[in-house]
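Okay, here's the structure, questions in a sec.
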Amino acid sequence: MKLIFEKSVPGRHCDLLPKCDVEKVELPEELRRETAPALPELSEVDLARHYTELNHRVHGVNCGFYPLGSCTMKYNPRIDEDLAALPGFAGIHPLAGAENVKGCRQVLDTTAKYLCEITGMEGMTFQPAAGAHGEFTGVLLIKQYHQKRGDTARRKIIVPDSAHGTNPATAAMCGFEVVNIPSAPDGCVDLEALKAVLGEDTAGLMLTNPNTVGLFDQNILEITRLVHEAGGLCYYDGANLNAVMGVVRPGDMGFDCIHMNLHKTFATPHGGGGPGACAVGCKGFLREFLPASALMDEPGHIQVRAFAGNFLVVVRALAYLLTLGKEGIPEAAQNAVLNANYLMRKIQGTFEPAFDRICMHEFVLDLSEYKKETGVSALDVAKSLIDYGMHPPTMYFPMIVHEALMLEPTETESMETLDWAAEIFRALYALGKTDPEFMHKAPHQAQIARPDEVRAARQPVLRWQKG
Amino acid sequence: MNYPIELQYSRDHEWLRMEDGVAVIGISDFAQSELGDVVFVNLPQEGDETVAGEAFGDVESVKAVSDLVCPVTGTVCAVNEELLDAPEKLNEDPYGTWIIKVENVTDTEELLTAEQYEAECTH
Amino acid sequence: MSYVPSTPAQRQEMLQAVGVRDFRELYRDVPEEMLLDRELDLPSAMSELEVSRTVSAMAAKNTLFPTILRGAGAYDHYIPALVKSVPAKEEFLTAYTPYQAEMSQGVLQSIFEYQTMICELTGMEVSNASVYDGATAAAEAAAMCRDRKRRVTLISGAVHPDAVNTVRTYCFGTGDELRVVPTKDGKTDPEALKEMLTPDVASFIVQQPNFFGQLEDCDALGQLTHAAGAMFVMSCNPISLGVLKTPRDCGADVAVGEGQPLGLPLGFGGPYLGFMATTQKHMRKLPGRIVGETVDAKGQRAYVLSLQAREQHIRREKASSNICSNEALCALTASVYLACMGPAGLREAAEQCMAKSHYLMRGLTALEGVKLVYPGPFFHEFVTTLPKQTEVLAALEQNGILGGLPVEGGVLWCATEKQSRAELDKAIAVVKEVLAK
């Protein structure tokens, strides 16, 4: 389809503003822009159709099954959107003054209280805008803690090799040396490997539990104890909280601080890449290190972005929390786990799980044997799913499993959908044995065939240019 | 797979050739084939110091990045800037495409002969 | 209600298929002593109507001002109807990051169009797909300018205080130094800057218009910065770029800014949009997602996430930023806004911002005791002295007007194209009345 710029017609426009009812003023010449930006010139109907056409080329949760592992693509309730759009929230200036924003404060305080209860934490901030941003905030809590105590020799953050890429990247942004430790074959922490690296230079450990292969680390209490004994703190990456909320609390596992992706666990939409929103929680002794805004709050705190965070996303999360309530939170977690296990068992016998045991909210298929046999890769299977209107699972992650496909169905999928999805996986398994060529070229009926990513990277075209 | 006999090799898959005391360094055929299509090369600057066994840059493919490990300690005296515009040369002609030249070489990693290196790669 | 569609009977059937008796058994890897043996201390589940009532009641506790004369980093502009409806479309709204290009061309193309618009607006050559907000964009810019030898970041004291504090925090993270360049008459002091540009300085960050609304002499500041071998970063108000010289024409190496004025609601501070653009030369140092054009296996035009080897999921601890999720839907909103306005509309909005704010300034400074604090030209914000500050602002609020923000030396006012002359006259009259008492 055409780019919006290619549809532009000189002189065409929308009528949006009234005539200026006060005298215009001139900018000093040296400050003036020389040429106008080449923005498109279109009428409202042109624009409405352009964006509708684009929208038809997007696959969202509302379009169909989206088992993108580690991203928790659950249904995003519509009421949450309505409430976030209330003028009483959307029209509030962040610096309007405490008397005028009591409702916003109530939203933040109430959500903080609920999330503290769910995680076993005692302090909470919503300033970070996304998960990685929350990791940055959380690890800075650890950094400030050690610094305040004058314990400056603690320069290392331990990260298992199965971790999300954001964990080591975050630790580096916080000035720590990253110590990667190998995982045990089941993706859990190798206790001996952990002990070997713990010491007086340990600032902390970053961990996801359930881990990135979808298993709950049974040794978690031992792990957090060992880190604490060495003088380090434990950071919980809440990417996988959906499996355990209301069932077991990170605070009770021994973690000192945590981030939660509101756009995963708490059902706020991801908008094609963001905005997310993040809550960072901590135990009481870290509360003094939480971020604040230089303009809204008292000075002297760290700050990770302007104002109070992605507030309108927090409104959505609060609406979701209220809807689920104390009964619905564990119910969602339990059914997320049930759905994952059910789908895994339904597919098993064709594509095999990397770990043949009860999983949490997600599981990893290991296609390395299948690839050896048929030549069909995890990528080929993923691309083939597109022809069925299913979003592919996360591919080639975690890195400790080769030819990995990671599926996270979430609790908001029905048994019928899971049965349908399993059927497709089984059918593709059979197809790969008879017609691998067909799968190498998949998808066949999508918006585009496979794109040439090498060309995109070697000869970057990153903007439209007038031809 | 090609292992020219006149070159020396590091275990990190770089090749090395000495020219009048200057070490000329590139990546092996095996390395380029493992990487797949190289899309970008991060190069050091002339005058940068290299340390044997440490990274002096990296090569990017679409979905991966790998360190370029220097087999010698010395000073970078030339950088193949042609690679910035044509990284595919590392795929097309790995032994005809040098990446950096290092002078004032004071230390060298333990290097392999073509035969030893081939054995290592096919192991 | 937990949005779980399976019926109790189906759940039983599924448990059986999995080979467990009950939900408890699904959690058998969790040590018994750790399981939460009580109900969460949360309210009971609510119906949609109850949730709607509860949350709406919270919104009702806020004061919604029909007239807002306060900016300071969050601006009340008119948001066209289409700009609200496009990002609310369910597909755009509920998609994840476009990892699978074959079923995400709509998102990818929208980002490619956004990148192009940001380049057009700033005059730069390459834009990323967005970062969190203007403050983090400045912090990311500081990081991308540092190299092994140049580690220090300079930032103007006239940059938004939240942005300064954010950049300071990011520098605290990596252990690098941030030095604040003093101001003179509400603008960056060029003499001080010149002295502070030592050989270890990586970049200098200035905001245009600055926190006090003043227009900086960016050409001169850029020249000083470049003469010292450092990079020049400009944080710009995107609406002002409808009339103001582009950062590229001012010599900027990196242009960043807060995109909220481009159709995003005030929303008590977020979600907003950090835009970030640079020159071809620094393209690979740009953090975050970037969409590129290519062709598919059939030779037709296609869009993909490109240059991914810069990013954390590949480079891990060597990545220059850990950013993953960005503000894609806000970037889409900004694109729709810019497309609705077009070049003429954006210019008109910018001119009206200037016209209205100058009208307000003239009306206020005509009053006894109200004086303009800084002498330089401004865009849509200005600082005045204000006698009886607390009473004046309270009286304005009683009249449905959120007045300017108290800052050091006075009050920082803002007017945009959204306010009519009648609204501004009313505000001036209220101030006049209080001062006359």
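Letters A, B and C name the chains as they come in the text, with residue numbers starting at 1 for each one.
As a working rule, contacts are C-beta pairs under 8 Å (C-beta built on N, C-alpha and C of every residue); 3 or more make two chains touch, one makes a residue touch a chain.
Note that the structure is a prediction, hence the values are computed from the model and not measured.
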Work out per-chain C-alpha centres and flag the one nearest the whole-protein C-alpha centre. A
Furthest chain, CA centroid comparison against subunit B: C
Cα centroid separation, subunit B vs subunit C, in Å, comes to 43
Measuring centre to centre with CA averages, how many angstrom lie between subunit A and subunit C? 20
Using mean CA coordinates as chain centres, what's the gap between subunit A and subunit B in Å? 37
Out of subunit A, which residues touch more than one other chain, so two or more? 453, 457
By the touch rule stated above, which residues of subunit C touch at least two different other chains? 307-309, 314-315, 318
Residues of subunit B touching at least two other chains: 39-40, 60, 62-63
For the complex, which residues does subunit C have touching subunit B? 284, 307-309, 314-315, 318
Provide the residue numbers of subunit B that touch subunit A in the complex, in ascending order. 37, 39-40, 60, 62-63, 87-88
Quick check on the complex: what are the subunit A residues that touch subunit B? 396, 453-454, 457-458
